[in-house]
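Structures incoming, each one as C-alpha cells.
Common to both upcoming complexes is subunit A, partnered first by subunit B, then by subunit C.
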Partner chain A sequence: MNLKNNATISCDLLVIGSGIAGMVAAARAASLGLDTVLTGSSSGFFLTSGLLDFLGVYPVESSQVLESPFNGLDQLRKQNPDHPYSKIDNKTILESLDFTARILSSGGLEYSSAKNTNVNILTSAGTFKPSFLVPQTMIKGSSIGSGKKKILLADFKGLKGYSAALIAQALKRRHMDVTTVTIQVPQLTGDFNVMRMAALFEDDAFLHRTAKQIESSVQDREILGLPAVCGIHNSQDSMKKLENLTGLDCFEIPGLPPSIPGLRLKNAFETHILKNKVRVFNNVKVAFTAFENEQILFTTDGEPFRTQIAAKGVILASGRFPGRGLAAHREVIRETVFDIPVYHPQQRSLWYQLDFFSPQGHPVNRAGILTDSDFRPVDKTCQPLCENVYAAGSILAHNDWTRLKSGAGVSCVSAFCAVNHFHARKKIK
Partner chain B sequence: MFKPASSDRFNPGRLYPNPVNLILSFLNTIFQIRLFAAGKIRWLFHFFVFAGFLYLVTVHAFHQVTAVVLFDYYDPTVDPFQFLRNLFGSLVVAGCILFFLRRGLRLRVNQIKSNWGSHLKYKGLVSIILVFLIVGTGFLLEASKIISEPVFMEMVEDYSDLEEGDELEELKLFWQEKAFVSFDPTVPADPEKLKNGQVLNEVYCISCHSDIRSSFVSCLLADLMSFYGTVLNQTRVDVMLYRVHYGLCLALIVFLPFSRLNHIFLIPLSIAVKNQAPKTHHQKTAQVFGASLFACTNCGYCSQVCSVYPHFQITGNPDVLPHSKIETLKKIADKHPDVSLWGLQKGNNACTQCNKCTQICPSGIDLQTLWAVTHRIFSDNALVNNQTFFNRILPEAWADLETEPRMLIARQELVSDLIEKTDAFENCIQCTICTNVCPVVEYDSKDNDYTPQQVMNLLRLDQKHLASGTRMVWTCLTCYACQDICPQKIPVTDIILELRHLGGVRADAVKLQQTVKKRVEIS
Partner chain C sequence: MEKIIETQVLVIGGGVTGTGIARDLCLRGFDVVLIEKKDLNAGASGGNHGLLHSGARYIASDPEAAVECNSEIRILKKMAGHCIQRTGGLFVAVRGDDENYIADFPGLCDRAGIPFEAVSVRDAIKLEPVLSANLIAAYQVNDASINPFKISIENMNDAVSRGARYLSFCKLESFDMEKKKIVRANVRNQVNGKAFQIQAQTYINASGAWAGYIAQMADISIPMVFSKGTLLVTSRRLARHVINRLRKATDADILVPGGVVSILGTTSLRVDHPDNIHPTVDEVDYIIDQGAQMIPMLATCRYVRAYSGVRPLVSAGGDDDRNVSRGYTLMDHERDGVDNFITITGGKLTTFRLMAEKTCDRVCEKLGVDAACQTEVIPLPATRSGEWSEPGIPHGGFKEFKASGDAILCECEMVPASAIDSIINSICKDKGTPDLSSIAVRSRVGKGPCQGAFCSVRILSHMYQTGQMSDTSGIQELKKFLNERWKGEHALLWDQAIVQSSIKEMIHCGVFGLELEK
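Our next item is the complex of A and B:
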C-alpha cells in the first residue's frame, strides 16, 4: 500500500457513484477487461427496497400498471424521445437486465423475473407495486394477486415499522383470505431494529422456534408472508429452511428503510466487483481537477491522504439529491462534479404540483442531465461536453422513476450501454 | 503463598479456617515469605531484625515465663544464653544499620530514580531508631555491668561467703583479668593468685557465669569502656543504663500502636481477614480501613511493579502510585485537613486493576479491594469521573439541572461547533441506519436509553443538555460506523463527542457547586 501523502493512480474507467448504476457500470467494465475504479458512499442501498423495476406504469397520467414493460416501451419511445429508454433497443435492454441478474447471482443473490412480464409485489403498506427483477425470497408473493390463495401473515413483536394486521386489513378490502400471527422473540428485549432481527434468521434454532410459534396458525393456509428481514448473507437458505419447517410457501414483504434486501443487494454487488478486480474507494468524494492529454484528472478528498486519479473515461452515476449528485439551490439545480448544466423547470414555482399525488407527477423529478444517444452529457448545442465522460442512472433527465416505476431499469440499462460505448470507442483508437 | 487476590472473590468465605491453611499462614507470617519473594535482600535485613528482636523479647525480656520455665539452669550469663543474646542482639543492630544505609544512600535496585518518595523518606524511621537504641543500650548495659565493681561486690555478698581478704583479692584478680571488671585500685597481677582465683571462681561463680567472652559484643564494649572504668563505676552508669534500657522498652510498648511497628499485629490480622470474603461494600470498607490500611510498611514494592508508572512520570501526580495512594487514604481516614482529593481521584482512576501491587505486597494487604473501595467512596461523594457521573443521572434529571446558574470553567476553550450550527444535524431524516449499524446499540440495547438517531433528533429539538445526559453519548465507542454510513453525511460521532465535551464542562460546574456546598456544611 502506498502511504505517500499524494499518490497517483491511473485507470481506464472511473465510475463515480456506487448505487445500482455505478455497480452495474463497474461490473460491465470489468467484464470487458477495463481497468476500473469505483468510488461512492456506502449507504445508498439501505434506502432501496431491493426490487429492480423496469417499467411499471406508462403513461404516468393513466396510473395504469403495465402487464409487460415492453407494452409500454413502444409508446414511450414515441411520446418521450428524450427518455433514456428511447436511446436503446429492446434486445440491449434485455441483455443489460440479464447481465445484472447474472452478476448478482455471482455475488450470491438470486433474482428472478417472470418471463418478461411485470410482477405485482405486496408492500408493507398493504399496497401492490409492479416490479420486474425480484429477489427469489420475494417472488412467491406475486402469486397472491390472483386472490385465490389462503394467506398467513406473520410479524414480530417489537419489530418497528411492520404490522401484519395493517397489511391484512388492506388485503381483506380486496376480498383476500388472510389470517395473521405475531411471533415473540424473547432474546431481543424492548424495541429492536431490523439488523438485529435479520441476523437472527441465520440461526437454525431461531428458525425452529419461529416455525413452532407459527404451527398453530398454519391450519389450512397455503402461503406465508414475512417482513423482509429473513437473513443478510444466506437469505435464500433461511427461507428454504423456513418453508421446510412450516410446510408453507414463504415470501418476504419489502418495507421501510433500513432495508435488508437493499443491504443484500449491496453485498452481492460488492462481492462480484471485488472478485473482478475493481478498485473501490469507499466513502470518498472525488473532485474534478482538469482535462489533460486525453485523461481526466480527479483528486480524492480526505486528509491527509489525497489520491490523484487519472482516468481515460468517466461514468458519472452520482445519483440525485439524497446522494448529492445533484444539488438544489433556490432557483437552480447544479450537478456537483463537473457542473454540467442541468435540465430543469425554469422557475422554482414550476418544480412541483400542488397536490403531492398529482397524476402527472412533479416536473422537478424529471430534471437531470441531458445526454446524446451514447449517454454522454451534452451542452446547450447538444454537443457532448467531453468525449469520454458518460452519465448513467437516476441523474439522467426525463425519467420520473417514482411514477414510472423505472428506477433500477434505467440505472442498469444506461450504465451497461454507456460502458459499452466507451469500450467501443476505446477499441477503435 | 501467592494466591492472586482475585481468586478470593470466588471464595464464599469460611467461618472456620481449615487447620492446614492456618499452619501455612502462620509459617508464612513467621518467615515473611511474601517479603522474601518480593525482595531477597530486604528480607534479609528484616529477618535479622525480626529474628533477633523476637529472641530477645521472648527469651531475654520474658525469661520469667519462657526460659526459666523450660530450662532450670537458665541465667542470662550462662551459655548458650549469654552468647545467643549477643548474637541476636548483633543481628538486630546489623539489620538496623543496613536499613539506615539503604535509606541514607538510597540503595534501590531498580530503575526508579526520581524522588517519588521524598515525602515518605522519614516514615518509620523512629521505629527503627527505637529498636536500634534498645538493643544498643542493652549492649552498653551489659558492658557496663561487666566492668562494674559495685555490681561485683554485690554479687560477692549475695552468692559467696568471702570477706575482705586474700581470697577475695584472688577472685578479684581473676575477674579483672578474665572478665574485664574495672577495679579501683587495680589489683596487681600475680600468676599464683590468678590460679587461686580461678579455683574460687569455679567454686562460687561458674554455676551461673560462663566465660564472659561468649558475649562477644559486650566484651568488646567493656574492654573499651574500661579505660574510663573508675569514673563509670563511681557514677553507677550501669544503673543509669538499666533505667534507660528499661524505659526505652516501655516506650516501645507505648509507642507501638502509633508507629509503623504496629505492622507486626496488623499484617497477620490483615492477611487473616483477607481470607474472609466480605459480602457487602460496607464490610469491605470496614475491613480495608480497619486492618489493611495501617498494615502498610511503606516498603514501596507495590509502586515498583505498578503498571501505570509512566502515568506518574508524565503527570507527576504521585497518587497514581499505590504507595502514595495508601498514605493519602490514611490521611483521609485520620481526617487530616489538607488532603488533595483531586489528586487521589485522578490517580486512582488511572489504576488498571492489574493486581500486580496486590500480588507483591509483602504485608499481604488487599490493595485491589482498597482501590475499588476508594473508587466507591469517591462515587458516593460525587467526586467521580464523568462516565460514572453520567451513568447515574437520568437524562430527565440532567435536563432539570439546566435551571441552575451555570459556571463554565476552564474546559470551555474548545469551541463547540457542530452542536451549535444547525446545519450539522438538521438534515437527519431519521432513517435509523446509524442505529442499525451501531455496535453499542447491538450489544447493550436493554440498557440503552437513547439511540444515535434519537440523540440527533434531540438536537433538532434544541435539547442539547438532555442529549449530553443520555447514556448513548457516554458509551459511544467512537467506531465511526454511523458517521461513515449516514446517507445524509451527518457527522454523528463527532457530534456525540462534542456532546461529551459539553457534558464534561457541565459536570465540572455541578461538581464544583457540590464540593463547595459540602465544605460549607462541614465548616
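Our next item is the complex of A and C:
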C-alpha cells in the first residue's frame, strides 16, 4: 500500500508492529470486521525459529521442562500475577492459539500441536526445546525423543552454522542411534546464502539429486533430519517429495538465523491478512502526535511523504529492544511510541546477571509495559493511559520469554485478547 | 610413572613477559619449556590498552620508567614493527585541569629526554576533531599502539621455531625442593587432567599477578598488590593518535587506537585476588564520564565490550596503587635461599623486552653461559598465525577469500574458514587443544558487534564438519565461550548493544535452550 503526502488515513484499529503479536492482532481485528491498518517491520521473523511456544519451562529456577504448559500455568499465575497469562483463562488461551493455527493454515502453512502437551523439538545445537504449535515440516522430529528411532542426519557442504556431526554427538550423549551424511551442492559455491539454499528445494531435480546422495546412507535408517531450509513457498510439498524419494520420514531441525521457517511464518501471516483486507504499511514507522476527538493521531516517520493516520484504537505490538518498542539508555528504559512508563530494575547494575545462562534469567528481561486486565497500558497510579490503547506481545512486562519458552504464546494470546477487548468496548459505544 | 620433561630453563607464564623471555633465551641458545595455566595473554598481557608509552606519562611520577619507555619504544618499532601501529600520541588538557602540571610538562620531558612538540589547541583539534572544545593545552609525543596478542603469539612462534616447547593449559601445582634448589616442577594438564613433571636447571616465574602464588610454592613470600584496571572498546576507531589526558596519571585518561577500534581506560581498583575479575557497571559509567571530559563523543558512541586486567604490582606500602612503581621487579631468589629460581614481575607492556633481557642476563650469569641478548638486533619474524589477531586486516583480503570459495565464519570481523583452519593447525602444532576460546585468542573471532552470537555456532559446526572436533563437548564448549564473552558485555548493554545481546539471547536461550543444558 502506498502512502500519499499529507493524506489522512482513518481506521478503526492501528496495529503498531509486524511481529507475531502484530500479525495476530491484525488478523483478529479483520475477523471481527474492524477496519485495520498494520505498520512496522517484519524483519524480526528471520530471527524466530518458526516454532510457536506456549509455556515450556516453569519454574525457571529449577529448569523444570513442562510436559504440558497447563502443568505450570496455575503456579505461574499464583507466583506472578502480573504475567500476561495471569490475565487470561485457559479456554481463551487455547482459543487464541487455535485461531493462530487457523489463520496460518489459511495463509498456506500447517501447524499442529499434540493434544495440549508440549512437543520437544531437536535444534541444530543438539538440544531439545519444548514448544507447542509446530510446523508440519518439523513435527515428525518429535518422535525421536523416545530414543528408539534409527536416525539419519544430513547436512549440506558449505551451509554455515549447521553440522550433522555436532548434532549427532549430542544425540549420542543421549544414547540415540544416529548416523550422518553430508550432501554436496554443486550449484552453491563459496560463501552461499541460506535463501538460495532454501529456494533449491523447490526444484524437483535438486530433490532427486539430494535423495540420490543420501541413498547409500539410508540402510536401516528410519527417519531423516535436515536443516530447516527445505523450501520457502511450498516446504510441505518439498518434504513430502523428499520422503517419497528417500523412503524415510523427514523432519526439519531449526537453528541459527536467518531462519527460513520464520520467513515462511511471515509469508503465511501476510498472505492471510492481505486476503482479509488489512491495510499493511511495510517498514513504516509511526510517530504519535495527539489524542483528539476520541481518535489517536500519528504521522508516518522517516518517509519522504508524511501521512497522517487517525485511529479509534491502537494495539502497541512494537516488541522489545530488537523490535525497537523499548529503547535502553544508560540510566533508563523508554517505550518509543507513547513514552509509556516502563517497568524495569532501577539501576543498570541490576539488569543483568554475571552468568549469561543463569536459569532464573536476567531481571531486565522482565522489563516492559504494565497493563490492566484488558491489556491497556497503565500509568503509575495503575489507571489506563488511554481508553483505547492496548499493548500486546513481547513488550509486556513480567514475561522473560527466552527462559519460559513463552514468546509466541504470549504474543498470540495477548494480541487476540487485546483486540477482543477493544472490539467489545467499541460495540458498547 | 609420570612423564618427565627435561629442559634447561622452565618459564612459568605465557604473557608478554614469559613469551619474550622464551624467545630471548632461545636466541641465546638455551633449551626452553614454557608452561601456561590457561592460554597466551590470559592475564594482564591480554587486559591492557595495547599502548606503547613514549614515557611522557611517567615523567612526573616515575622518571626512570619514563626513560626506559623512551628507549624501548624505539627498539620495538625497529624489531617488531609488524605488531605496532605508529599512531603518535597527544597529551591534552581541558579547562579545569591542573595548570601547574601543564606548565611543568615540557621541562620534565626535557629532563627525561623524551621528545615532544607543543601543538596549538586549534591544530590539536584539527589533528583529532573528536577532542573537546574545552581544550587548553596539547603536546605531541611518540606514543604508539601495539597488538599485545600478536606480539605474544609471534614471540612464542619464533621461540618454538628455535626449539622451545610451549605447553598451554598446563598448571604448576608444586615444586620439589632439595638443598636450596628446585629439582622438579609438578605440572598438571588442565584439559586431560594428567600430571607430569618438568626438570630444569633454572626456573623463571613470569606469572605476572600470580607471581606471589608461584613463589609461595618455593616458600618465598612476595608482597603482591593487585590493581584491577577496566577498559572499554568502542565499536569503531575514534581517533588516529593515542590521546592522553595531560594531568597526573589517574583514571580513564587514555584513548588508544587498536586497529579498527579505540580503547578507553583505565581504572585502578585494589582487589584481593587476580582471578575471576570482570568489568562492572559502575566502572564502565565512571570511565565514560571521565573520558567524555576529554572527548565528548565517548558519552554517546557505541561500545562493543569491556574487559579487565590485573596489574601485578610489588608493594612498597601505601594506599594509592598508582604510586606503586610501574617499574619491573627482578628477584633472584638466591637471596631467599633458593638458588635456581628467578621472579620477574611488575613492569609494563612497553618494557617487556627489557624485562626479558634483564631476566635472561641473570640466567646466563647463574648458569655461567656467555651469550649476549639478541632481541635488540634480530627482528621478530611475522608469521601467518599471528595475522588473524589483527583487526581490520582481513577486510582487504575479503575478495580473495570470496573468490576462492572460502566461507566467512565470523562476519563481523570477516574471518574465513581457511583462517580458522590455519589457527587450529598452529594450535595443534603447539600440542594444544583447539577450542573456541583458543581460536578467539588468536583471531578477532567473537570480538565484533555480535560478540559471538553467530560465529560461535558457525565455527563449532565447522570444526565438527571437518573432524577437528568429534566428541560430545560441543554444547559445553559453546556455553563456556559465550559466557566468557558475556563477562565483557553485560556492563555496557544499552542502545544498539542491548539489541544485539537480546538477539544473542533469543538464539542461544530462546531457540537452543542452552540454559537448560547441564
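Rule of thumb we're sticking to: the second predicted complex is superposed on the first by the 423 of 429 C-alpha atoms of A that agree within 3 Å, B and C clash if a C-alpha of one lies under 4 Å from a C-alpha of the other, contacts with A are read in each partner's own complex, and residues count from 1 in each chain.
Convention: contacts are C-beta pairs under 8 Å (C-beta built on N, C-alpha and C of every residue); 3 or more make two chains touch, one makes a residue touch a chain.
Given the structure is predicted, the values throughout are model-derived calculations rather than measurements.
Look at A:L47: by the touch rule set out above, it reaches both subunit B and subunit C.
Judged by the number of subunit A residues each one touches, C leads among subunit B and subunit C. Of the two partner chains placed by superposition, subunit B and subunit C are both touched by A:P322. Shared-chain residue A:G108: touches no atom of subunit B or subunit C.
Of the two partner chains placed by the overlay, only subunit C lies in contact with A:A170; subunit B stays clear of it. Within the superposed three-chain model, A:Y352 lies in touch with subunit C and out of touch with subunit B [touch as defined at top]. In the superposition on chain A, A:P258 makes contact with subunit B only, not with subunit C.
By the touch criterion stated above, A:M195 is placed in contact with subunit B alone, subunit C being left untouched. The interface of subunit A with subunit B overlaps its interface with subunit C at residues 47, 189-190, 192, 257, 322, 324. Per the touch definition, subunit C reaches subunit A in the complex via residues 278, 280-282, 285, 288, 402-409, 454, 457-458, 460-462, 464-465, 467, 469-472, 474-475, 478-479, 482-483, 486-487, 490-491, 493-495, 498-499, 502-503, 505-517.
Considering their complex, residues 47, 49, 56-57, 63, 65, 123-130, 155, 157-158, 160-163, 165-166, 169-170, 172-173, 182, 189-192, 254-257, 320-322, 324, 327-330, 347-349, 351-359, 361-362, 364-365, 401-403, 405, 407 of subunit A touch subunit C.
By the touch criterion stated above, subunit A contacts subunit B in their complex at residues 41-44, 46-47, 188-190, 192-196, 257-258, 283, 322-324.
Within the complex, the subunit B residues that touch subunit A are 431-433, 435-437, 441-442, 445-446, 484-489.
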